[in-house]
Amino acid sequence: MAINGYEVCDGIKWIDVLNPSQAEMQELSDQYHLNNHTVRDCMQPEHLPKYELVDDVHFLILRFYSKDPDRPIATIQELTNKIAIFYTEKFIITIHKAEAPFLSEVRTKYIDKKKCDSVTDILVKIIWNDLESFDDPVSRLSEKLDSYESEVMLKKTSPDLTQELYIIKHEASVSHKVLMLMQEPINHIEPKRGDKSAVQDMQDQYLKMLTLYSQVLDDVNNLMNLYMSLSAKRTNDVMRILTVFSVFFMPLTFIVGVYGMNFKFMPELNWRLGYPMVMIFMAIVTIIIYFWFKRKRWL
Amino acid sequence: MAINGYEVCDGIKWIDVLNPSQAEMQELSDQYHLNNHTVRDCMQPEHLPKYELVDDVHFLILRFYSKDPDRPIATIQELTNKIAIFYTEKFIITIHKAEAPFLSEVRTKYIDKKKCDSVTDILVKIIWNDLESFDDPVSRLSEKLDSYESEVMLKKTSPDLTQELYIIKHEASVSHKVLMLMQEPINHIEPKRGDKSAVQDMQDQYLKMLTLYSQVLDDVNNLMNLYMSLSAKRTNDVMRILTVFSVFFMPLTFIVGVYGMNFKFMPELNWRLGYPMVMIFMAIVTIIIYFWFKRKRWL
Amino acid sequence: MAINGYEVCDGIKWIDVLNPSQAEMQELSDQYHLNNHTVRDCMQPEHLPKYELVDDVHFLILRFYSKDPDRPIATIQELTNKIAIFYTEKFIITIHKAEAPFLSEVRTKYIDKKKCDSVTDILVKIIWNDLESFDDPVSRLSEKLDSYESEVMLKKTSPDLTQELYIIKHEASVSHKVLMLMQEPINHIEPKRGDKSAVQDMQDQYLKMLTLYSQVLDDVNNLMNLYMSLSAKRTNDVMRILTVFSVFFMPLTFIVGVYGMNFKFMPELNWRLGYPMVMIFMAIVTIIIYFWFKRKRWL
Amino acid sequence: MAINGYEVCDGIKWIDVLNPSQAEMQELSDQYHLNNHTVRDCMQPEHLPKYELVDDVHFLILRFYSKDPDRPIATIQELTNKIAIFYTEKFIITIHKAEAPFLSEVRTKYIDKKKCDSVTDILVKIIWNDLESFDDPVSRLSEKLDSYESEVMLKKTSPDLTQELYIIKHEASVSHKVLMLMQEPINHIEPKRGDKSAVQDMQDQYLKMLTLYSQVLDDVNNLMNLYMSLSAKRTNDVMRILTVFSVFFMPLTFIVGVYGMNFKFMPELNWRLGYPMVMIFMAIVTIIIYFWFKRKRWL
Amino acid sequence: MAINGYEVCDGIKWIDVLNPSQAEMQELSDQYHLNNHTVRDCMQPEHLPKYELVDDVHFLILRFYSKDPDRPIATIQELTNKIAIFYTEKFIITIHKAEAPFLSEVRTKYIDKKKCDSVTDILVKIIWNDLESFDDPVSRLSEKLDSYESEVMLKKTSPDLTQELYIIKHEASVSHKVLMLMQEPINHIEPKRGDKSAVQDMQDQYLKMLTLYSQVLDDVNNLMNLYMSLSAKRTNDVMRILTVFSVFFMPLTFIVGVYGMNFKFMPELNWRLGYPMVMIFMAIVTIIIYFWFKRKRWL
């Protein structure tokens, strides 16, 4: 365990706890009068976002983006990590099993510079930065999509992007779901006196993330559909070429086959003009087929 | 019938009834002043989840996961079993036709160890464990999906997973629907004094199950779409190879057919260089087709 | 017209009217002070479900399942029939153009046995049995679907079920819509004193029907998708076999065509080992193609 | 402009204005104290349905079905026309640029026969008849769909209905959207004293139209899907026949090609039984392929 | 920076600020007592629409259509620009990084002509004209769609519109999303005394834009589906022609191949009538196949 205490301002403390043991957590819980049930929740790394108010202590669980690099197709738990927060007007405790890099940023930018003067203040900063952890990943997804998009739009033959699109969609879908689940805890933060705008800022950040992911989801779905359409169109083209060649050559090959038969009595074979006449006949057949295709607008 | 009574704490009783007959149920109903309509409901094994408050007795029907192994594609009734619960502040009665393994777990873990001290307490444990019965099945579905996913992503040719995905989707869809129907009875549980957090725990469990099933549904739909795309792409590849071969060989086969005709007067046949000239001509045709395909980016 | 009056209990009457004429309806309307607009509505056989309270008379229109056997693909009006109900605390009037078999059941089971003692009582029984008229049809649809499902899952080649699935979907969709439209009138039934549980029973019945139809709709959609997938897969298999055969035989047929040409000066034709050498060459071509397919995992 | 005034009943006037000029509208507006903004709205033929209450004058815009016959694929503005209505308790003014045939019907059936005795009365009749203008078109769409449906269900080969279905879907979709937009103005009509049932009648009419269009939309979507399925199935059948023929004839054609080669030293050609032996060998190949197809259940 | 002040009417000022620097913005903020958080928001060009009321100053962010011509497939930020608005009853400040052409229009049409007499008045005009910026683009999309639609409906072979439809759908989808996000700030405008109708006008404009874009989205989806259907149908036709030709010519080519074999002992070759008999036999085969196709309704 690593436990750190910061003085936010007069009489207000922020306790940041990294990967506590059961016993350490019990101790902390006794000291701050935390409810047993919520303490148990805060120890489960796979817990989904939630909000609860017990015995005048607010308790919320959030998740931040922290992708397991070994799992390209991740579940909610593999893509995001849990952070549990207890707070009253006097203290705020953050508990997380894995490192949460955005917390040190909050400390540097706001605590060290003495820019915070209430628990809501620091809470809002933490949530804003938690949400910010989803920003780079969604930009990365969006840029990948844009490059695939232009590849599909410009080139005649594109490499197969089906699996790549699937991976993007999966990550966007899982992140979108996590953000949807964070709506409830976020909506429970009540602004007090002067921090209405800071709370609003954090909610703007939330809406922005949701919109970005929803835009990626829309775009990946549309691109998948375009991809399917183009693929169907290409099959169509391939088939048409096959059919055109077959329709031209099958009658001709049959005709030359007829005069390749070894019957003793085939009068045409002995005609002086047999060979040129057959050639002319085949040319006529070819021309008829050509105009038939022309009328069908295949050529 | 098997009827068991447990002392939860002072003056609070839990009656667990397994597969009662009509007469036995009547007796119980007389003893605890249960309403006739609700008693009739609690005897129907196929009843859907519901909540009702009659004559100050709360009545709810839940369903727990208990798959009939003979039916891979199960209905709500084949996938889940009913448990009916009557409760007031003084007693709780659970009635079920089939064995409900999670009830004995509740007894061992909470009743025997005297950890419960109100009806809501025990009720919440029962519901939590009822919901828990859906946890292993959804993990199993999820793991199957993950293994199919990596099979599809890695191998060139995959075995046909269409039917397997269909079965997974069907079970996830039915379980998801049962859970949706359980929302109403679960939302009717009102926390009292000290058990707010326990009720919240149970609702977290509910949200977790719903999220897990919804994630399986999303994933199976996405994987089905990926599967369809890859299958369309493969048809495309097959068609292209067929067409490429046909376009190369049909003209050549026609040309050799021409010189296989038995006309007496075919000057080329007597040319010294007839054979090599035809071979060169065919090589030229082949090269032209090759560059045509090259320009079309098919080769 | 057929008009029947039943004594529900002291001072409460149920008037059941079958296919009244305009004049007869007018008479009834005068006697019971029914509003003109509602009387006009109750005469329209195609009217959709609705609820209205005019001049202290409750008026509702329901529809019950009564399929026109000549129309496999039926509209709301061809699949269901209208029943109009007027009621106050003192009387209940049911009006229907076609026979409503479930009404005689209500009479036999509840009126004749004196089991009803209020208008809400009898009203709830009528609605319950109206909804029950949708139960056998949905079971029949569900069973058909189950048999199609196992056919698709087990057999290699299945008969074409597309049209059958379409007919099932259509009927389920129309019934589901009728049930959705009946939600409003059903929600307007207010329980009084002792019949809260009877009303709840009827609402359970409603939810059950809705769930059953929604399950059929989900299942038929899934099965249609499975069907499409399997059909696409089968096209794929067919194409692959065609392509494999073509790729093997087109080069070989070309080679034998070459040595079928009648040029005078083809040195190979006079070689002693010409024939076996060509045969060996073709074997080599075949083996190369075989390994190419092997590497592509098509064989 | 054509302006007509009708006496609805004592002291209540209905002014019907056809295609007024800006100046004429100004005059009317001065006389009845109409708000400038609403007057500007009522002059825009493309305005969407809306409701507004300004200075105690109710203002609503509706649209009625009036298809431009030159545009089979119409927008909201090409499919429907605007009618603007101003009303207080004392007068009602209807303004429309194009002829609204249903207004003369309202006049004949209700005003001339003195059947109306309040502004709400006449307003409700106008809306009812406006909605009625959508009834014949939706029946026409529905009948067309039914005939296409039976064509698809019965015949082996159907003519191409894709474009026809598209046109039906488009019109149903646009009408459905117009009706959805009319929900707000329609819900703002408040019944007074005795006209509650008339208002309800008009709302039934609204629900009926919405249901009819939604049924057409459902049906056309289902039929389109069925159409796609059948088309995919037919491609499948075509492919299978092509493949079966190719697989039978490609090996045979190769074999006869082998013995069509002109090598000097081909011992088989000189065997007495060479010809019948090859024929028997080809028969055996055919039988093997036949059983292979049989096992694959393609024959 | 360019800063312009206009006198709206007695004591009411409109300050329009183009591309302010951080310092300039700070100055303005001090002068009008603007909240720091909102000032920071108003400087972010990529901010999404929002509404906020801080310290009695209303703050809203809107976006107007201003497409980056270099990006055919644009994100929200590339398709639209931000405009931030602060207002109280005494002043209104508009801040935008890029030129907003509709603002000069508002000035010319309303301010210069002294048509405004309250802040709400001028605010409503600005929003109306902001929304109007989406009108020409949606008409352009709609017209393009109409021309593609008639191309698809009329011509036999159409050029490939897949990518064009994708681009239209993308822009419509992004604009629709921006408009959806503007719903919240627009709904926060509260009409005062006499400007209820002006506010309603602006909301009509909003609904109109939303409906237009939603119509484009519906139409483009339908057209994409039609396109897919027609493409599938065309593949079907191509396949059928290929199959018909193959089925006719493969047996015939085999037969002539048989009599092209060079066996010494083939009695038929020496028959006088061998050749005509084979020709007649092939004619019979052709006729049989013809009737088989006839029965299958392929010809």
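Structural remarks
Letters A, B, C, D and E name the chains as they come in the text, with residue numbers starting at 1 for each one.
In this section, a contact is a pair of C-beta atoms (placed from the backbone, for glycine too) under 8 Å apart; a residue touches a chain by one contact, two chains touch by 3 or more.
Which chain is which protein? Per UniProt: A, B, C, D, E = Magnesium transporter CorA.
Since this is a predicted model, take the numbers as computed values, not measurements.
Any chain touching subunit B (Magnesium transporter CorA) that also touches subunit D (Magnesium transporter CorA) appears here: C. Shared contact partners of subunit C (Magnesium transporter CorA) and subunit D (Magnesium transporter CorA) do not exist in this assembly. A rotation of 145° superposes the C-alpha trace of subunit A (Magnesium transporter CorA) on that of subunit D (Magnesium transporter CorA), rounded to the nearest 5.
Of all residue numbers used where subunit A (Magnesium transporter CorA) meets subunit B (Magnesium transporter CorA), under half belong to both copies. The two sides are thus made of different residues. Remark: subunit D (Magnesium transporter CorA) and subunit E (Magnesium transporter CorA) have CA centroids separated by 22 Å (rounded to whole angstrom).
Per-chain Cα centroids separate subunit B (Magnesium transporter CorA) from subunit E (Magnesium transporter CorA) by 36 Å. For subunit B (Magnesium transporter CorA), residues touching at least two other chains, in rising order: 232, 235, 239, 242, 246, 253, 257, 260-262, 266. If you draw each protein chain as a dot and join the dots that touch, you get one closed loop, with every dot joined to exactly two others. Subunit E (Magnesium transporter CorA) makes touch with subunit A (Magnesium transporter CorA) in their complex at residues 35-38, 40-41, 47-48, 50, 52, 54, 73, 75-76, 156-157, 160, 162-163, 166, 169-170, 173-174, 177, 181, 224, 227-228, 231-232, 234-235, 238-239, 241-242, 245-246, 248-249, 252-253, 256-257, 259-262, 266, 268-275, 278. Put simply, subunit A (Magnesium transporter CorA) touches subunit E (Magnesium transporter CorA) in their complex at residues 142, 146, 149-150, 153, 196-198, 200-201, 204, 207-208, 211, 214-215, 218-219, 222, 225-226, 229-230, 232-233, 235-236, 239-240, 242-243, 246-247, 250-251, 253-254, 257-258, 260-266, 296-298.
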